[in-house]
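The data blocks that follow each hold one structure.
Heads up, the next two complexes both have subunit A, just with different partners, subunit B and then subunit C.
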Partner chain A sequence: MQQHFRTIDPGAGKVPQPDELLRVEDLRTHFHTRHGIAKSVDGVDFHLSKGEHLGLIGESGSGKSVTALSVMRLVREPGRIVGGSIHFEGQDLLGLDAQSMRRLRGSRISMIFQDPLNHLDPVMKIGDWISETLTLHKGVGRKAAYVEAARILKVLKVASPEDVLRAYPFQLSGGMCQRVLIATAIITGPALLIADEATSALDVTVQASILRNLDELTDIFGTAVLLTTHNMLVVRQACTRVMVMYGGRIVESCDTDVLFRNPMHPYTVGLLDSVPALERIGEPLRPMAGEPPLPTEDIVGCKFYGRCPIRRPVCQEMRPPLAEVESGHWSACFFPEESRSKISS
Partner chain B sequence: MERLFLSGGIKIKNLILEVVNLKKHFPARGGNPLVRSERTVKAVDGVSFDIREGEVVAVVGESGCGKSTLGRLVIRLIEPSSGGIRLSNEDVTHVQGEELRSLRLKAQIVFQDPFGSLNPRMTVGASIAYPLQVNRLFKRGDKEGVEQRVKELLERVGLNAAHAKRLPHELSGGQRQRVGIARAIAVNPKLLVLDEPVAALDLSAQARVLNLFKELQRNTGMAYLFITHDLSVAEYIADRILVMYAGKVMELGPRGGVFKTPWHPYTEALLAAAILEGPSSSDATILDGDPPSTIDPPPGCRFNTRCPHAGPICAAEEPALVEVQDGHMVACHLLTGKLQRRIPASTRIPVSA
Partner chain C sequence: MIALLVRRTLFLIPVLLGGSAIVFFLIHSAPGDPIDALMGMYASPEAREALRIKYGLNDPLLAQYFRWLGLVLQGDWGMSIQQRVPVLPLVLEKFWITILLTSAASLFAAIVGISAGIISAVKQNSWIDHLILILSVFALSMPPYWLGLIAIFVFSVQLGWLPTGGLYSFSGQMELFDVLKHLIMPAIVAGLTPAAIIARVTRAAMLEVLKLDFMTALRAKGLRERTIVLGHAFRNALPTVVSMTGLQIGYLILGAALFVEIIFSWPGLGLEIYKSVVGRDMPMMLGLVLFSTFIFVVLNLAVDIIYRVINPRVREA
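Let's turn to the complex of A and B:
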């Protein structure tokens, strides 16, 4: 067995980097349900630098949304953050009282969700909706806030921002509503924007255009992005670094192009092989066997054990730590080198 | 009436489906309830194509382009406003009653939502047995025969006999979709309309269901009308691709042709959006704006409001669907020479074999 673990934290070392914005350590968010304790987030470590675009990819139930909600401290009962720490701009978020947290949300950390129509007030004009954030957090007057809102909608390639500001949500298309949510989230110039499957409900052409505009906008404000998605394409377009999540744990973390070129975890390999891609025309799909484990299952070793094509007894007895295999490339597998060569040949 | 069809109503071997100038217009609701609305949603507005035996035709396009309406029209869940549909050389455009029912023996549909399309109170076995009983494929009281067939069908879609006793909520999304497929193929249809059948599934389940479709098709020789918004799924499964936009066919051709040398700017843009390399990649072909409303759609080419090449002619005149290569049809003024390309075609992707 290869022994090349250095540390279990992909941020390397406990000393905060100068440009570090967010550091999550051993985060555990559990849901106490009738069927037992669902460990939706089961020991997650990661960090995010200022202005960085980080992707969090996983299938439904992998814990990516709960991770995002945990950072916002928006996990609802019966869910609870039961362990770990979240440091944002040097502050311990889990130690903050509710009021300080509320002040942070919308001004320093913002979030956008998958279903834009459900996150807009149906009886509020778009202009009031967007500018309210700015008025509340920055004390900007209504008129000035409207001007700023129009300016941001322009960057988002909205043809006639003034008309949109006067409209109600039901008068807008899904893509337009999502642009409005993005504008609302970013108008205060937050340091971190969390996008939870923000483009999943949109058409590919609209998705591509929104992701590009989001990129421009976050550059203007220097905002970092944590983007959760199940779509490889989205990660590829929008993120420089990516983490793969499975069963509430991060199983691989590296630069985005490295992930597609040289995946180092059997789950990532399986995921890539089961998505039809226009770059790999003619190749057969090789779907993974089996289903992900239930979040209530008590698993000591690797959560992917039941479906893994290269498993060995040790994987069932011990949790493989997230270890740096190559510089900047982390994998939670005991046999990372075998992942690619053995499975896809 | 028969003159409508290209085949002239003559029997053509291998021809499963022939659709000619098919239209479906819905009255538009909304707006002021006191003023009677004269507006119509032109969901499908003059679509023609055919499907041969054992062929897979994928309909791709964005939401609202009319692809699902087209699928529903083809198996006559709804009645067309005008145009014609021939299924196995029979005109089914306006059939009713007993004739309509016998149509269901030839064409079946699998829906997108595996949760909503199964009766939550019926066991899986009962759901699959239902089409067999309704269509009287087994004698009344032939319980064993039905049971045997249900078991066979379950196995064919990768489930087993034990699943027959389960209720839908006990199954995963992928398993439910398999039940939907078993139910659809129960009557041995010649044509299966698949309306976004993998869109609601998780990635790994998606791959397995796609492989199941391929395998079924190889073994039974069924033809598919495969409706999807995902180009890479279409590429994986289809022989021919039909690109729809706002109720119209923009491009129709063999898979290799459409993906290797897309002619229509809209197809190019769809491909560009589906194979983006990274944040810094060239994005000249990324479209801005949203698809137009199919309520009173723009005059001329439906795509002219978003097209990077559009000129005055595009808003004035509707381009005809012209054959550019063998079986490869495109509706665009770029072809007639009345319009110049503004930016070079950029999305030709290297296709191996």
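Let's turn to the complex of A and C:
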């Protein structure tokens, strides 16, 4: 074992920085199911600065959505936040009463979702849907809210906002529905926008344009973004910093370009190898072997052990802490240097 | 929308024609002779025959039907054999009395049924959900006339709180209050079964909506739970609830109200149908059943239209 791990908290750790917006520490969200306790979020630490775009990447089932919903305190039964803390704008979210938490949702923290059509009220006109939020949090009247909604849809490059405001969700395309959700989320000027697989259900060109829209709007409002995705290319386009999630834990965290250049966790390496990258067109794809462990499995050591090409006995006995391996680069592997050199050769 | 309205209204014509024919032939094939009922067993054959000719009872059935239909279309619904007054004005008068009872019963059924359904769905699997389930199973398995008799026994005979039946008391001075006192028991008895059905349907429709993804989106907007349940979830369940409620009201008018009116001597269409059947008063019977069919069909059309108006996916398609 090496001596290089200092703390298990990437960046946050000691003194909160002045521009810190969100700090999550040792978050644990469990689901009590028939098959046992699923530790969907199993001790997650991260922080987010004002205006920063942070990516959360991982395979389906790695716990991205549950992490996102935990920050909103919207995890549904049988799920429960069983431990840890979430500090947002200096407030302890898990200690807030229900009413104060409700006041933050939609005004200081907003959220958008993977499947936009199904996240709109099917029998409510788009205009009413957007203005409902504005009226609730800002006390704006219906007329003024419609004007504001049309204005923000214009920024989102919607050709005829008035028509969209008068439509029902089922009359719009998936991309348009996502623009509506984005408009609703951002119209109150929140400090944080959580985008849970916001572009995954859309085709590639729409995806790219939505991500550009999102960039522009969050710049205008100074909104920070926590973006979850299973798509490396989305992270590359939209995020300055990225965390890799596996089995409910953060396994690597660093600036986005560093991740692509110099991954320090065998799982990240495998993930990058399985993505078709422009530089490697022509080379065969290498899908990762094996399956992630069941979330109900009780694992003491590293969750990636079963699939890891560089595993050693120690990995099964101890949980590798998320440790800083170079400045601003954190990895939850006992042998971070080996991950890259040994695997992709 | 307009075209549909016209189409559906035109469609009423064959439905009503068919309905009237079925009613006519069914009633005429029933055993029993109106002359017997009217004159008793001991009238002379000549007197009987004279009356048969007067009411056209000797003609072929098909001829009788078309003659009756022609007159009905002209607004002449014949004379009640028993009461010796024109059928149509009598039916219309009784209609309003029945409407009073069915409106009260429907109001009760809708309010109780929908509230119970919403509460059951929101508190799914809690003790209150189970209590509502037990109560609705009870309401569904008790025949209304039996419930009516029990209610009369308890509230009128034993406790003396409410009158046993009728529309008003002869000595009544506070008219409205008096009618309400007569109305409350039959309305609740008639509304109990529909309330139970509406509660079950509302619960199911609400549960269906509450598990949809947009519930999370609504919470993420920061809305209160009350707004989410009543303003969004119930609004989405509304088309299902409305069509079931409409069906139940139709069933009330044709079915439950009949028994309940008889038990509580409520002088509406139901009691009149009963009296006309007992008295073999064919013109009256025909008029009453035809009119009830008409109301039922029109009500169904109204429910259909409301369903479309409140359901944008159907309306805009």
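Simple rule for what comes next: the second predicted complex is superposed on the first by the 344 of 345 C-alpha atoms of A that agree within 3 Å, B and C clash if a C-alpha of one lies under 4 Å from a C-alpha of the other, contacts with A are read in each partner's own complex, and residues count from 1 in each chain.
By our rule, a contact is a pair of C-beta atoms (placed from the backbone, for glycine too) under 8 Å apart; a residue touches a chain by one contact, two chains touch by 3 or more.
These numbers come from a predicted model, not from an experiment.
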{"item": "Combined model on subunit A: subunit C and subunit B, fit or clash", "value": "fit"}
{"item": "First, second, both or neither for A:R34, with subunit B first and subunit C second", "value": "neither"}
{"item": "Computed vertex angle (subunit A) for partners subunit B and subunit C, CA, steps of 10°", "value": "80"}
{"item": "Touching partner for A:Q171 - first (subunit B), second (subunit C), both, neither", "value": "second"}
{"item": "Subunit B versus subunit C as contact partner of A:T256, first or second or both or neither", "value": "first"}
{"item": "Subunit B versus subunit C as contact partner of A:D115, first or second or both or neither", "value": "second"}
{"item": "Which superposed partner A:M72 touches (first subunit B, second subunit C, both, neither)", "value": "second"}
{"item": "Touched partner set for A:Q237, first subunit B, second subunit C, both or neither", "value": "first"}
{"item": "Which partner reaches more residues of subunit A (counting touched residues only), subunit B or subunit C", "value": "B"}
{"item": "Subunit B and subunit C, minimum CA distance [Å, superposed model]", "value": "5"}
{"item": "Sites on subunit C touched by subunit A in the complex", "value": "212-214, 216-224, 232, 235-236, 310-313, 316"}
{"item": "Contact footprint of subunit C on subunit A as seen in their complex", "value": "69, 72, 74, 76, 102-107, 110-111, 113, 115, 118-124, 132-133, 136-137, 168, 170-171, 181, 184"}
{"item": "Parts of subunit A lying in touch with subunit B, wherever the complex brings them together", "value": "53, 59-60, 157, 159, 173, 175-176, 203-209, 212, 215, 230, 233, 236-238, 240, 256-257, 270-271, 273-279, 281-282, 284-288, 291"}
{"item": "Residues of subunit B touching subunit A in the complex", "value": "62-63, 172, 202-208, 210-211, 229-233, 235-236, 259, 269-279, 281, 283, 286-291, 349, 351-353"}
